[in-house]
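Shared chain: subunit A. Partners: subunit B in the first complex, subunit C in the second.
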Partner chain A sequence: MKKTVSQEREAFHQQLGAVVGPENVLTEAQATASYQVDGFTPDGVVFATSTEQVSQVIRLANEFRIPIIPWGSGSKQEVGPCLSQSGTILCLKRMNQLIELDAGNFTAHVAAGMVNAELQKQLGEHRFFFPLDPVCMETSTLGGEIATNATGPLRLKYGAVRDLVLGVTVVTPTGDIIHTGGKTMKNVAGFDLCKMYIGSWGTLGIITEAVIRLFPLPEVSKSLLITASQENAFRLVGQLLESALELSAIELLDWTAGRYLGDHGAHLAEGKVLLLVNIDGDSAAVARREEAIKALAKTNQASEVVTLQGEEAAEVWNAYRRVHQALLDAVPSTAQGKASVPIGKAADMFRAIKEAGQRHHAEIGIRVYCGSGLLYPYVALEDDKLIFVIASLKQAASALGGFFIVEAAPLWARKKEGSLPQRSDATLMKRLKTAFDPNNILNPGRMFGGLY
Partner chain B sequence: MEQRLIKELTKIVGRDDILYDLKDLIAYSYDATPRQEMPDVIIFPHSTAEVSAIMKLAHQERIPVIARGAGTNLSGGTIPVRGGIILEMSRMNRILEIDTANQRAVVEPGVINLDLQNALAPLGFFYPPDPASQKSSTLGGNVGENAGGPLCLRYGVTSKYVCGMEVVLADGEVVEIGDYVADPPGYDLRGLFIGSEGMLGVATKLILHIIPKPEATRTMLAIFDTLEDGGRAVSEIISRGIVPGALELLDKKMCWVIEQSVSAGYPTDAEGVLLIEVAGLADTLDRQVEEISEICQKNKVRELRIAQTNAERDALWKGRRGAFGAVARICPPYSVCDGTVPRDKLAQALHRVGEIAEKYHVLIANVAHAGDGNLHPLILFDANNPEERAAAKKAGSEVLDTCIAFGGTITGEHGIGLEKMDAMRLMFDPADIAAMRRIKEVFDPDDILNPGKMFPPDESQPQPTQEEVA
Partner chain C sequence: MSTVVEEIAEALQKCNKCGLCLAGCPVYKATGVEWTSARGRIALLRSALLDHRLELDALDDPIFNCLTCNGCTEHCPPAVPTGEIIFKAREEMLKRQGDSWLGRLVFHKLLASPSQLHQASKLLRLAEVTGLRPLARKTGLTRLFGDAGKAEAIVPKIPPSQGLEAVKRLAGKINNPKYKVAYFTGCHAPNLAPKVAAATVRILHRHQAEVTVPDFVCCGLPAAGYGDGPSARSLARRNIEIAASLSVDAIVTACASCSSFLKDYAKLLENDPEWSERARDFAAKVKDLSEILTDIGLVTEMGTIKKKVTYHDPCHLAHHQKIKEPPRTILRSIPGVEFIELPEADVCCGAAGSYAFKNYDISMQVLKRKMGNVEKTGADILVSCCPACVMQLACGVRQEKLPVRVTEMVELLDEAYRKAKEG
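For the complex of A and B:
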């Protein structure tokens, strides 16, 4: 006799229990409620503690044809294209060990469920750090950050995830365990599958371990807070980026977002923006950089330059990272998008965002990763007005040679506007997904929601 | 190749851009490795449209296509093992755009690495990957192999500096992968494509990330009596947070060979020398030089020479840049190994290489990108002596085993090509190789793009004895 859906699920959960232990499979409505994604309540949550377990879970999911939604800390679950089906959550946060710290080679081998902030704490005890500092690093897991290609201010000097991760261990959508990359700085053996997995949003496999590059903590690290008019600030940014000063971060907050930075941003008048610049290195180099930045700030009529060091500097970056959530929380309907434009066109995109806000009488807060040409507007609007703003931002970004996508937003907005820009390589990406995940088990709808 | 196909191809590119005489075919039958195989035809496309038309025909007729730049690669990657078309990209060599405000250069793949550097230098910018072959190798070839170079210690390899590409796929379709701007949505196909050795498509346009040149550099030569001391100095320099612009190691044999043809002033009686270059803000380099000099003293450096003038700096670099050429002059049929180990294992690995040389009675000279743990042992042998040839082959294979045993890899920057197909099995499990094959099938289901490379002949079989290459 054919089993009913619920009998199937029950059998699936039972077999999962045999793999990870029944205590590590949650099926009670009460327990699964906090794992709601995109309007779906999962039928179960399973906690794995090893790559081998993840592999067995995925094999079972293929047998039962039940989708698996990989989960680290959940901080990026409701970002981008929506899931098209519900399924079982596979949570990796109990895989949270620093497996090996190779101090001589400047690498660490880390299990995917380790939270970034905890990793930094342990590395700090050995005078190392990992220069990936996304806004959610207090809670986000390393595996999640790699899978979503998270980005943070230090990218300017230290590179993106793809420059910092040397290898990943992955369980493929059919349950095979594969090792990509290695622990050497250079490695060109075979196709670079590691790169393919970075930013693949859990659709091509589940990252269970990673080998990452470490850097010794710099002798000195300083932060400069520069207040200037919008025009002057962007001109200054252009000069800094074309200089040989090798800054580690240049972030910009507009007068709306700046208000959430605490004391440092409270005074920002309309039309004024705040630049957060980070410099690190030996004391001689930092002193020279500080001097050069101050001189350039002066020629560009900055109204204020504050230098912070030590605890104070760390605190301002903590506050900076909290701005993201504060803006999202300020008005419940807030949508956050991302515009990526040529680095030299960030000022134009900034103006376009502000103009769109004025046209629709909305206050839009903006954060800018100046070194990469990435702008994050936070739009507090509802219904059609939001859709109009999104449409004009897409148009503006595209006219500048870039693109705009909706990231964190209420479900209705993501369903309506979550599609990704048209790309000529979309067919190739879809073929890749089908070749790796013939049963569409991993994160169905994610990423590809907008690609076909 | 059938006359009909030659005619079709001639129609696409014109008479001046196609070769099929025996003498020409011979000229394109080899690269910088010893193996030789004959292609059927050599074509010089001038545009994406021509590349696309050629690929469409090749796809329809199932003809192998091997994209080729300057043919400087060191792993047999451009040898046409199954004949077919050599797609010689050197005539697509225009620099299309340089925009310092956006930090981008857009080029055709046939542009020579150094030509781009020369165009960028007056603007105060540069493109960091600097393979030793940069005077002749093309940027398209650099992408195909994910080329490195001495500066990559500080700045990273090719993969970090290619933002996007226009690619002609196996069936002639033209797609854009990656982007001019940061973080395009979707899979990082550009990441997959870089270092794919011409097996996934033909790049016809490259969008590169360019960066401001450092204000100043200082160059030093540190001479050590033991490799261990040199190795320790490397580790300590990096631990201090100093990221030199380059950190190159040459052993005694290498210095001797170099001094035979280039008078760089390298000592011939020291076990190892380090060529160290720091880069950064002009008035902060003294302190770095001082720190490095302290570290070297602590590790029993015999002598530290600091270049005081540009001429002195050039002289120090002359030896390193001329290393491969110097070897070729005294012993043309050398083979270059390209293993990489975790950087603190470099001295140990070099010792092991010395033992291997003794065991097989071959001469091995070493140069290494020490800061990256990337070794390049050069094995010298007499090609006319079958025993020596076999010994060199065995020694090379044991060097790779050594690198893996130290937790390293079989190739840091030269690629798998033909040379290391069998060694793939030492690095990867069958599941890893199966995943790579899946990628190949997605991009090139008919296996016409550079066929017969990278993958070991049959994963299910135990590793066969390696056949001779010379």
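For the complex of A and C:
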């Protein structure tokens, strides 16, 4: 006799229990309902403690044809395209060790479930750091950050995830364990699968371990907070980026977003923006660069320049990271998107966003990763006018040679707008997903274009 | 829809599921399981109370194994008050399930009367001296505290005490008082830590404060934490009534939990038209001891205590009242003290009132992390300002065999003042 769906699930959970121990498979309502994603309640939550266990879980999932949704800290679960079906959550939270710190090679081998902030703490004890600082770093896991290709201000000097991750251990969608990349700076034979996994959003495999590049903690790190008009600030940004001042970060907050930066942005007038600049290195060089930045700020009529160091500087960056969430929380149903444009076009995109806001009577706060040409608008609109704003922003970004996508937004808006526009490589990517994941087990629906 | 649900509906909807709270949740850090975090608990309560996709009865664990330390709220951009929400959810649950006879005994009788509470604590001491404590456990008294059997290690030796009457005798009149204060002893100090009560009175005298010790009843926090909102409000009203007959500058307590909850009276009774204003007036007069000492100017004539000292922030002081600096200022001003900042000082120790008795295993995991941090400081003395914290920390130090003395801030400060007199 054919088994019912619930009998199938029960058998699946029982076999999962045999792999990870029954106490590491949660099926009661209080557990599953707290892991809801995109309105779906998973049928179970399973905790793995090793790559081998992850592999066995995936093999079982293929046998039972039950989708698996990988989970680190859940920081980016409701970002981008929605899941197309529910399944079982596979939590890597308990794989959280710093496996090896190889000081001589400037590398660390880290299990995917380790929280970024915890990793930094441990590296700091050895005078190292890992220059990946996304807004969610206090809680996000390294595996999640790699899988979602997270980015942060330090990218300007130290590079993106693709530059910082040397190798990954992955369990493929059919349950094979592969090691791609390694400890050396150059290590590709054949296709560079390691890089392919970065930003694959858990659709092509589950990253369980990574080898990452470390940097020695700089002797001095200073942050400058510069207040200027929108026009002057963007001119200053251009001059700073083309200078030899070797900034490690340069971020911009508009007058709406700046309000959430504590005392520093509390009194920001309309039309004024805040620039957060970071410089690090040896003390003499940092001091010299600080003066040069101040001089440039002055020639660009900056109204205020504040230099922060040590704990004060760390605090302002902490506050900066919280601005993202504060903007989302300030008005219910706020939608956040990302415009990616050529670096030199950031000022144009900024103006286009503000104009769209005026046209549709929406307050839009903006954060800009100046060094990457990334603009993050936060659109506070509670009704479907949001769709018109999104359409304007897509058009504006495209006209400037870039694109615009919706990241965090209410479910209805993400269902409608969460996918990328059709691209010429979409068909090839669909075939790639099928080749890797013939049973569509991993994170169905999460890739752009509603791919699977 | 009931009023409790109405009261928390808006707060529940404020959560955007960003998960920044995870960084501040000691329980989540120990378990890694979503439903033990603020984000998880809020999601479940939303499912049960707003979307009706779950029964509230199914959420016993998520509602009761929260420390209500407010560590989450500190990390939350819209400051979702998860601790408050949890208290309200407990109240709703208790209302639906009905109270136990034991709950009624503890919150309606014992904690509502200083003399009956003192009798009970004497019984506890009698049980200890005569080796009857295990028997007391079997009588069901400890059933209120689920894991109490395992948690026996946390309970300190109970010293002989004469209850509130002894504290009253110490208080008395002083010459040329500059201030008049009422000392809210809390349930713990007069019955279980008479030294703390005596030290508090002496310190207040040292600052030319005349001390009266009224017959205040329990602040109500244990009742609210258990979900018995009506008892908590009734205790609050009784205390406000007692305070009305006093002519004092401040109501002072050396217990972080008491000062925090007494200040919350304004909120607790805000929907009670007859009491809301009186509650606000009462709350405005409440001062934690560390707060009032630094406010009026700490007397710095002290003897030397040549020790390395570190400090653990009680949640009810650091998170609920945002009082972080005053205790540090006080400790730093003791001559000879080398103050060493404790890593993660403001992360809950896992005591959380009677939490450790009900959720022993999680509480011990949380405590273990705390002890690791204490060890890193190399301190000789670990100080806090909350009886539950001090009990829990002392248990941790015993278990980890650390060469560290654990003490209340008032005891150390009193020691410094007494040394000054002797010298």
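The definition used in the following text is that the second predicted complex is superposed on the first by the 447 of 452 C-alpha atoms of A that agree within 3 Å, B and C clash if a C-alpha of one lies under 4 Å from a C-alpha of the other, contacts with A are read in each partner's own complex, and residues count from 1 in each chain.
We take it that contacts are C-beta pairs under 8 Å (C-beta built on N, C-alpha and C of every residue); 3 or more make two chains touch, one makes a residue touch a chain.
Just so you know, these numbers come straight off a predicted model, no measurement behind them.
When both complexes are superposed on subunit A, subunit B and subunit C fit side by side without a clash.
In the superposed model, A:A29 makes contact with subunit C only, not with subunit B. By the touch criterion defined above, A:G17 reaches neither subunit B nor subunit C.
Taking the C-alpha centre of subunit A as the vertex, the lines to the centres of subunit B and subunit C open to an angle of 140 degrees, rounded to the nearest 10. When the two structures are aligned on the shared chain, A:H179 is found in touch with subunit B, with no touch to subunit C.
By the touch criterion stated above, A:A189 is placed in contact with subunit B alone, subunit C being left untouched. Here subunit B and subunit C are compared by how many residues of subunit A each touches, and B touches more. By the touch criterion stated above, A:R288 is placed in contact with subunit B alone, subunit C being left untouched. After superposing both complexes on chain A, the closest C-alpha pair between subunit B and subunit C lies 22 Å apart. In the superposition on chain A, no residue of subunit A contacts both subunit B and subunit C.
Residues 99-104, 124, 145-146, 148, 152-153, 156-157, 159-160, 169, 174-177, 179-192, 194-196, 200, 212-215, 235, 238-241, 280-281, 283-284, 287-288, 340-345, 369, 372-374, 407-416, 420, 424, 427-429, 431-436, 438-443, 454 of subunit B touch subunit A in their complex.
Contact residues on subunit C toward subunit A in their complex (touch as defined above): 13-14, 16-20, 22-23, 32-35, 39-41, 43-44, 47, 53-54, 58-59, 61-62, 75, 77-78. Interface residues of subunit A facing subunit C in the complex, by the touch rule stated above, are 26, 28-31, 33-36, 41, 45, 47, 73-75, 77-78, 91, 93-94, 96, 115, 117, 136, 138-139, 260, 322, 325-326, 328-330, 332. Considering their complex, residues 80, 102, 104-107, 149, 151, 159-160, 162-163, 172, 176-180, 182-196, 198-200, 204, 215-219, 238, 241-246, 281-282, 284-285, 288-289, 338, 340-345, 372-374, 401-403, 405, 420-421, 423-426, 428-429, 431-432, 435-436, 447, 450-451 of subunit A touch subunit B.
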